[in-house]
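Next come two complexes built around subunit A: one with subunit B, the other with subunit C.
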Partner chain A sequence: MIANPVLAISLLTLLCLRIDGRRWNELRRFHAQLSTQPAAADGSSMVEHGNTKVVCTVVGPAEVSQRSKMLHDRASVTVEVTFAAFSGTDRKRRLKSDKRVQEMRTMLQRTFSQAIMTHLHPRSEITISLHVLSQDGGVLAACINATTLGLIDAGIPMSDYVVGMSAGSSSATTSAAVSFEEAADPLLDVNHIEEGELPHLTVATLGATDNITLLTMESKVHLAMMEGMLAAAVDGCRKLREMLDEVVRAHGTEVARNGAL
Partner chain B sequence: MSISITRPSTPPSLAPLLRTSINNQQNQQQQEEDADGDIPMVSSAGDVSIVTPGEVVTSNPQWMRGHGTYLVEDREAGGMNIVATVAGTVQKVNKLLSVRPLKARYQPEIGDLVVGRIVEVQSKRWKVDINSAQNSALLLSSINLPGGILRKRTSTDELQIRTFFSEGDLLVAEVQSLFQDGSASLHTRSLKYGKLRNGYLIRVSSRGIQRARSQVVSLATANGGGEVEVVLGVNGYVWIAKKANTAPTEGVSITRLEEEASEAIYSSKNDFILPATRREIARIGNCIRAMVRCNLRVDEDMLNAVYEVAVEAADQGEENVDASLEGEEGRRVVEIALARKMGL
Partner chain C sequence: MAPVANPSAATAPTPLSPAELSYLHSSLSLRPPIRPDSRKPAQFRPLTAELDILPSTHGSSRIVWPDGGECIVGIKAEVEKATPNKDIRSRVEVSVEVAGARDDDPLAVFLASSVGDTLGQKLAGRLEIGERWHWKLYIDILLLTPPVSHPATLLSLAVHLGLRCTNLPRLVSAADEDPLFDDDWDAALPLYPSNAAEVGDVPAVTLLVAAVGENIFFDPTREEMAVADCVLAVSVDWDGKIVGLRTLESGTVSEGGVKRKVIKKVVEQCVPVGKEVFKSLEGIIKAGF
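Presenting the complex of A and B:
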């Protein structure tokens, strides 16, 4: 172990490693679980991307909670996102009326209204509740993945997995580089520190294809860096879809073993 | 630009577990490559093959798509692929191919016995929560009137609709018909159906209840609990109550409806129930929950077997036994019962 933190950081840069010791194309430790709260909801899941941890519960398709939500040809999708006060580095309560939380809710709601076959359950409502227990970057991506697993656990028909992934681009090396194209250096699955320093985006794709269903970026970035980030994120999504699929299959085999099917 | 994504290295303790899961997958893939190019329902090894959303079930045009699938155009080969929309098992009926989800909400079918709760009272009908996508309707004309009188429902009946069922009341009913949008209409026009009292409701996944010849199970309980009646609603709502001691009726009336459908059928007052009976009712509830938690389907035989083991377990270890049957203890009890049943 290296005792001196300054030395450790410089060693990481020398080896082209990131602050947490990953290479540019490495995912963080990914862990997912289905049916975490079988009594509380129709479907539930828990997803961890490194230190980011999100719990999802899905109720529905059920009777609408408000008359105004009833759609006569399809099911309505309601999303609720809650950040635990202890989830960030400093203890802070985020209200539901927070603009950021509301935006996230809308993004998730639109993404999943497309992926879910809502026309099969007219006049009903699908409620997705997300609880962010710990944030370390890539919260939106983790929410997307948790929701996908929750919906699968609830047996709600979807056209394919919706998989989310974040990517950043390190621009620190621009001083020596000739052009932005050469300097562009995508980083997959950014953590909290990288999110604070670098431009980053979140992508969600539908299944193993390159069909992007959600793309969001809040930082200014040179156009040349965009392509690399996007390519890294989309490829990350493809890899993560395989990992999610493994989780679902393992769970399904476990359920099927006792002849419950 | 070409990108290769590497997955994080797994901690050493998990490595053996992962290896088995990868082996399983390889086996599955080999089994899936059938002569017809489609997926077998049950593989030779006895375990069930699972399909997941987005997975191509078959591209063979001889199959029709059923529930849990959709059609996608295959750009490369031409033709259409049948793709799964839920995670579950493939089911084939003649040429219809459907995917049955591992877990889903209850979907009503005509003739199902369901346990429900009144959530809304309207002028000529009640809205009943039966754990499905929409609340079902119970019409004023599809219940028995007290005293068993058979007549047209008048405005007087409409005015006193809350004397039959009011909000929060539990009832057992049968699905009479289905509407276009999949919601159900119920009826209670039989002495078997009607308002529930003297017991308690537990809610499990509808997949946990086995459809059987009779959904009503009578258990002779241990420890002086007396007879307990269990109504296994196929919607996943289970009612466990003390069995009403009906006096032996002599065949005087033709229908017996008049005698038995007395004023008492819409009573909301519970009888006094002995602590011993209450304890056994709770034990049966815990047994059902434990069975569902172990992915077992509840039916009369299995419930009897598990209850028997649970009583024995409670008799033997006096202090250490977790009577709630949560966690390990529940699994142990269910496994013993299962082993015993297999042995017979």
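Presenting the complex of A and C:
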């Protein structure tokens, strides 16, 4: 351990490490759990990306709560996202009508309506509720992964895992003579501090196909940096898919051992 | 305290038929009574508790009940300038969010005010910083699933555990200066010192009690509440003082209302049961550290 924090930070830049000591392509500690609330919902999960923590519960396919939500040829997918008041650094109550929350809801709803085989459950509704308990960057990615696990736990047919991942790009530290392409340094799985400083995007891919089903970026960035970020994120998705698969298989083995299957 | 007009309207109705309700009512009125889950009258359902689960809060806890009730409490503190002549109870702000319900859901509002009332002045007195400043404590409660049984006990136990593992940064400046804190989180001081229980200064808990005939049941399930003559939420302190009493709802089987004698019996029984509850909470906290 280095006692002097200034020395520690300069050492990090010397070794090309990030502020939390990771390399550019390293994920934060990933932890996931299935069936966290077996009694309350059909499917539930909890996902942690570093200090970001999201809990998901899935109910359905069930009868629609409002007739207007009924689709005669497929199931409708409803997503609810709530941010706990204590989830951020400062305490802040976010209402459900908050624009950002609404946007996240719509994005998730659209992504999962595609991935779920909704035609198998016509005239029914699948309700996904997500609670963000702690946010430290990559909240949308954590929500996507939690939803995937929740849906698997609920036994809802999907074409493949939908895996979310965020990536950023460190700004050019070298001289202006170098082109953006060479200077751009993609960073995988950005945390809260990096999110505040650097341009970043969130990608969701559909399992082994590497097909992008969701892509969102809100920062201004040079076109040449985009490609690197995207490549890093898709690569991270592939890595994370294996980790999710491991979690699901371990849970399945446990359930089988307990004699539920 | 005044009775509240059916605050548990948000909890799901029981699927039992009138005949089944009547059967349940008579089995609960037997001596000794028979509860559907074969618990003793003063026995609680088993629960799972976790402490200090969220890194971004000053203190947090999670309690899960086997019927699916899950509650997460996060406590955050901010420094606030003291205003004279202001009620010190405003230093604690409680908010409850029930999943799937609207932000102004009557159940959430009722639960928030009942938790706030229970903690009251005693907690607010702990939040002094020097002469001109004080902590403002935000207690945010998240009910992750729409409640199956009434969540008053669940909430109160979770808040108790959350407060007990709350740490606040250590003050390094003098009492009359503007506050300056130690930035080492390891040096933070607990809001309730580890010997708080021996001194008897810990937050009160709320117990739910149902009365059927002459019999009294602690921690009633939804079905038991549906047939009870009266349901009371009793808040007890460590030393056995009753700090709050509310009627919640009466069942549908009898015509409602109970005699004074029953209320007296409930209050008397709450004291020893409360002691037991505090003892087991102490066990959870000891195991958590």
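Quick notes on this one:
Going forward, the second predicted complex is superposed on the first by the 256 of 261 C-alpha atoms of A that agree within 3 Å, B and C clash if a C-alpha of one lies under 4 Å from a C-alpha of the other, contacts with A are read in each partner's own complex, and residues count from 1 in each chain.
Please note the rule applied: a contact is a pair of C-beta atoms (placed from the backbone, for glycine too) under 8 Å apart; a residue touches a chain by one contact, two chains touch by 3 or more.
Not measured: the values here are computed from a predicted model.
Considered on the superposed subunit A, subunit B and subunit C are sterically incompatible, since they clash.
More residues of subunit A are touched by B (comparison of subunit B with subunit C). In the superposition on chain A, A:Ser166 makes contact with neither subunit B nor subunit C. In the superposition on chain A, A:Thr111 contacts neither subunit B nor subunit C. Legend: residue contacts after superposition of the two complexes on their common chain; A:Val55 is shown touching subunit C, with no touch to subunit B.
When the two structures are aligned on the shared chain, A:Gly43 is found in touch with subunit B, with no touch to subunit C. Touch criterion met: A:Ser134 reaches subunit C, while subunit B stays clear of it. Within the superposed three-chain model, A:Glu80 lies in touch with subunit C and out of touch with subunit B [touch as defined at top]. Of the two partner chains placed by superposition, A:Thr202 touches none, neither subunit B nor subunit C.
Contacts of A:Thr147 after superposition: neither subunit B nor subunit C is touched.
Residue ranges of subunit A in contact with subunit B, taken from their complex: 22-23, 25-30, 35, 38, 42-43, 60-63, 75, 117, 121-124, 152-161, 188, 207-208, 227-228, 231-232, 235-236, 238-239, 243, 245-246, 248-261.
Interface residues of subunit B facing subunit A in the complex, by the touch rule stated above, are 1, 3-8, 21, 24-25, 28, 47-48, 50, 52-54, 68, 70, 83, 85-89, 100-105, 119, 129, 133-135, 181-183, 205, 207-208, 293-297. By the touch rule above, subunit C contacts subunit A in their complex via residues 54-57, 60, 64, 66-70, 72, 74-76, 78, 95, 97, 99-100, 103, 138, 140, 142, 144-145, 148.
Within the complex, the subunit A residues that touch subunit C are 37, 39-41, 51, 53, 55, 57, 80, 82, 84-91, 93, 95-96, 129, 131, 133-136.
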